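Next up, some structures in structure tokens.
Next come two complexes built around chain A: one with chain B, the other with chain C.
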Partner chain A sequence: MRRRAWLETAVALLALVAVWEVIARLVGARFPVVPAPSEITAAGARSAYPIWLNLRLTLIEALIGLVAGSGLGLLLAATFVAWPRAEAGLYNLVVTIHSIPLVAVAPILLIWFGVGITAPTLVAALACFFPMVVGATRGFRAASQSSLDLMRVLDARPWRSFLRVRLPASLPFLIAALKIAAPAAVLGATVGEWLGTAGIGYLLFSSMANFQVALLWATMLIAAAVAAIGYLAFAVVEHVVVDWHPPAGEG
Partner chain B sequence: MTLIRPLAAVLRDAAAVIAFVIAWQLVTVAFSVPAFLVPAPSAIAQALVANAGRIGAALGQTAAEAALGFAAGNVLGLALALLFARVRALERVGLPIAIALRSVPLIAIAPLLTIILGFGPITIIVMAVLISFFPALVGAASGLRAPSAEALDLMHVLDAPERVRYARLRIPAALPFVFAAFKVTAPAAVLAAMVAEWTAANSGLGYLIIDAGEQYRFPLMWAGIVAATALAVAAFIAASIAERRVISWPVESA
Partner chain C sequence: MALSDVSLRVGQRELVALVGPSGCGKSTLLRIIADLETATSGDVRVHGANPETARRQRLLGFVFQDPVLLPWLDVLGNVRLPLEVTRGGADGHNDPVDLLRLVGLVGFEHARSWQLSGGMKQRAAIARALVLRPKVLLLDEPFGSLDEITRQRMNLELLRIWSDTDTTALVVTHSISEAVFLADRVVVMSARPGRIVAEEPVTLPRPRTIDTLASSEFLTIVAAVTKRLYSAADEIV
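Let's turn to the complex of A and B:
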């Protein structure tokens, strides 16, 4: 049944591409901003090497950002659970920082760190940080009270009950947070590169400025595919690891 | 996060913010931190006052574009979710695509959108539409399916007409999902509008921040960031208040 649903989606997408190709060939001359899929593929193939060089940079930034941002988020959530007083003081600060639009942060980071890998990486980390804080805090709280009581009765050390009870209980929430964080890291790195001189974000911006429409489409589709792969990777992990109970309320 | 909190908590938060601003002011003055790193709050406030007209106009423009896009995106998303609930075949094909697109960083398509739709407000509004559309669609589609089998069976046994099933059961069940989406997409629409202003406008808050930075007018740049943050927070609070007004029954907070 699931396989059939995937098949239907794939067929629908293929049909969409076919219709797009036909329409673009019929009216292409009057509507040059939407090239045919075959033209986009050709442009992507012609520029495969520069695209790869820029993509590699973006991938490195996004990966470092994902690890650093969600790692820090996890640490902060663990702190919140260990010292509830810290949460009372810091949670609103975290929410406030999250409220600063990423696009407003990117120019500041660029001024601080100059053109290079640092600013996009930090934007990516910032994009991952908040989903992880929220997800992990909820996850650590999701442990059953009776299990926690049992650990207490057994006189277990706090870190042991954290490792044995809270962490396993939080796993569905952590993976759900990573499903959000992974594409967000790609987005963060891309936006961080817009004002820079290299990376997928730069390629998007420069091909827009130079009106290289087919290259712009090809770069865009690759960026979207990378983000989607980040999401799907954790969706697969979720499917394999978390078969005992999905987190409530996640679509 | 609750919105209506005890007065003491509100005062404590306010005190924390004020203490933070005072500390920021003291550090920037005491160590004469250069303005390109972090301007002093007093300098930002000065820039805010001196450029009140320009910042106000930019704020109004961005807010209007974000609000228009948010409204249109949600109307479209909710309408399509209702259609999905009626036509299962459409949902089977469309929902996986929608879920994937909800997770894809749509903001990154701003350059593409600018090429397709051209330089101007349409591109900015469509960007906000795209950001609001998919979460609304996915949230409402999941919410409309959320009622328990028992509740649906009861409606069936009572021979309730389709209209009543929606009004009494499916739509109330979907509302918490829809408002959870609102709380994410209302500030995201502001963000989306600002991103599109980088590529498709020479006005609005997004452009003002970049432009001020490029002219090394750092206090003005930070004043723009403060205004943008205030707008995003206001959008989130408005969505939270609307949620509170509409959903009077207890739900597990998302």
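Let's turn to the complex of A and C:
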């Protein structure tokens, strides 16, 4: 059943690409803004090395941003759970920070830190921060009251009770947050590079400015694929780690 | 105030059932004994110790209505859990594998909770409660969510387990026949405020079996408890 679903998706995607190719070739001479898939592939292959150099930078920024942003979110969530008054005071502030558009943050950070790896990394971290705060706050409270009662009856040390009950109970929420954060980190880094001098964001901007439409598309598709791989990686982690639900169709 | 004027003494190796309508505070009483809640006034002693000390000395085993099996652990892992979260050096404990044999879960050591029936989950929960060799076993409507047939079977099992171990047991239930079937003594509680209105000794011989349920003695005691329960309820209505 699942394999069949994959097959159908692949067939649909191939069909879409084929139709796209035909239409682009038919009308491409008059509207050169939508290149044919073959042109995009060719442009990507031609610029493979510069794309890889820029992608590598973006990946580093996104990865650091993911670790830092979600780590900070995790810490703040732990503070919220351990000390509910902190949540009352700070939650609205966190929401406000999250409401600031990343595209507005990027230039400010650029002014502060100048061109380089710092600004994009911070934008990536910011993009990961909020989903982790929300997910981890819920996750650390996901353990049932009765399981905490059980730990109390056993007079379990708080640390062991955390490792044995609260942490496993929070894992589905933490991984769900990471599934959102990983693509967000790629997006954040790209946005942060927009006004910079290197990275996928810069490549998007420069190919737009130079009207290299095929390269623009190729870069966009690669950025999308990287973000999707980030999501899928954590989906796999989820499948392996959160194994305490009945397999689909049973139970 | 949930409880007032509650005075109860449970002897060693005795099995006492608390029965009463919803909201009479029978679960609260159990939770106070287990130090899960604190009484605003009054005195509770478990083997001479206050509930907090008793809890820290692990004199108590608690079986919740919800079996509370951690879904990321298998049955054996759940039964072993008390050994893993408590400081080492607890003086003596039961072997989890032996306990699984005692509760009839041999062959299910590595099953996850979603693979178990309601009765099997509660068996595992009882095994877990016994792992640290508690002196007192507190059971809060342990079979309340099971169907009638499974429930009766579990009651027989509980009696067998209780007689095989060296524990005092306090069972909360809202089933009169269950209380009479299990207990040496049935304590009848009433609501608003929660209080003890009567105590009925159960003189049925042990071991009790399915035949006990049909004996006229059993039915007489059930009738007596029922009468006590309803006369207490009438005062309020």
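One rule holds in what follows: the second predicted complex is superposed on the first by the 244 of 251 C-alpha atoms of A that agree within 3 Å, B and C clash if a C-alpha of one lies under 4 Å from a C-alpha of the other, contacts with A are read in each partner's own complex, and residues count from 1 in each chain.
By definition in this document, a residue touches a chain if its C-beta (ideal position, glycine included) is under 8 Å from a C-beta of that chain, and two chains touch if they have at least 3 such contacts.
Just so you know, these numbers come straight off a predicted model, no measurement behind them.
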Touching partner for A:Y231 - first (chain B), second (chain C), both, neither: first
Chain B versus chain C as contact partner of A:N92, first or second or both or neither: first
First, second, both or neither for A:S161, with chain B first and chain C second: second
Which superposed partner A:A68 touches (first chain B, second chain C, both, neither): neither
Which superposed partner A:D149 touches (first chain B, second chain C, both, neither): second
Contact breadth on chain A, by residue count: chain C or chain B: B
Touching partner for A:L109 - first (chain B), second (chain C), both, neither: neither
Shared chain A contacts, counted only where both chain B and chain C touch the same residue: 251
Touching residues (chain side chain A, partner chain C) in the complex: 144, 146-147, 149-157, 160-161, 164-165, 168, 171, 243-246, 251
Sites on chain B touched by chain A in the complex: 1, 13, 16, 36-37, 92-93, 96-97, 99-100, 103-105, 107-109, 111-112, 114-116, 138-139, 142, 177, 180, 187, 190-191, 194-195, 198-199, 206, 209-210, 213, 218, 221, 224-225, 228-229, 232-233, 236, 252, 254
Of chain A, residues touching chain B in the complex: 5-6, 8-9, 12-13, 33-34, 89, 91-93, 95-96, 99-105, 107-108, 110-112, 179-180, 183-184, 186-187, 190-191, 194-195, 201, 204-205, 207-208, 211, 213, 216-217, 220, 223-224, 227-228, 231, 248-249, 251
Interface residues, chain C side, partner chain A - complex: 34-36, 55-56, 58, 60-62, 64, 66, 68, 70-72, 81-82, 84-87, 112-115, 132
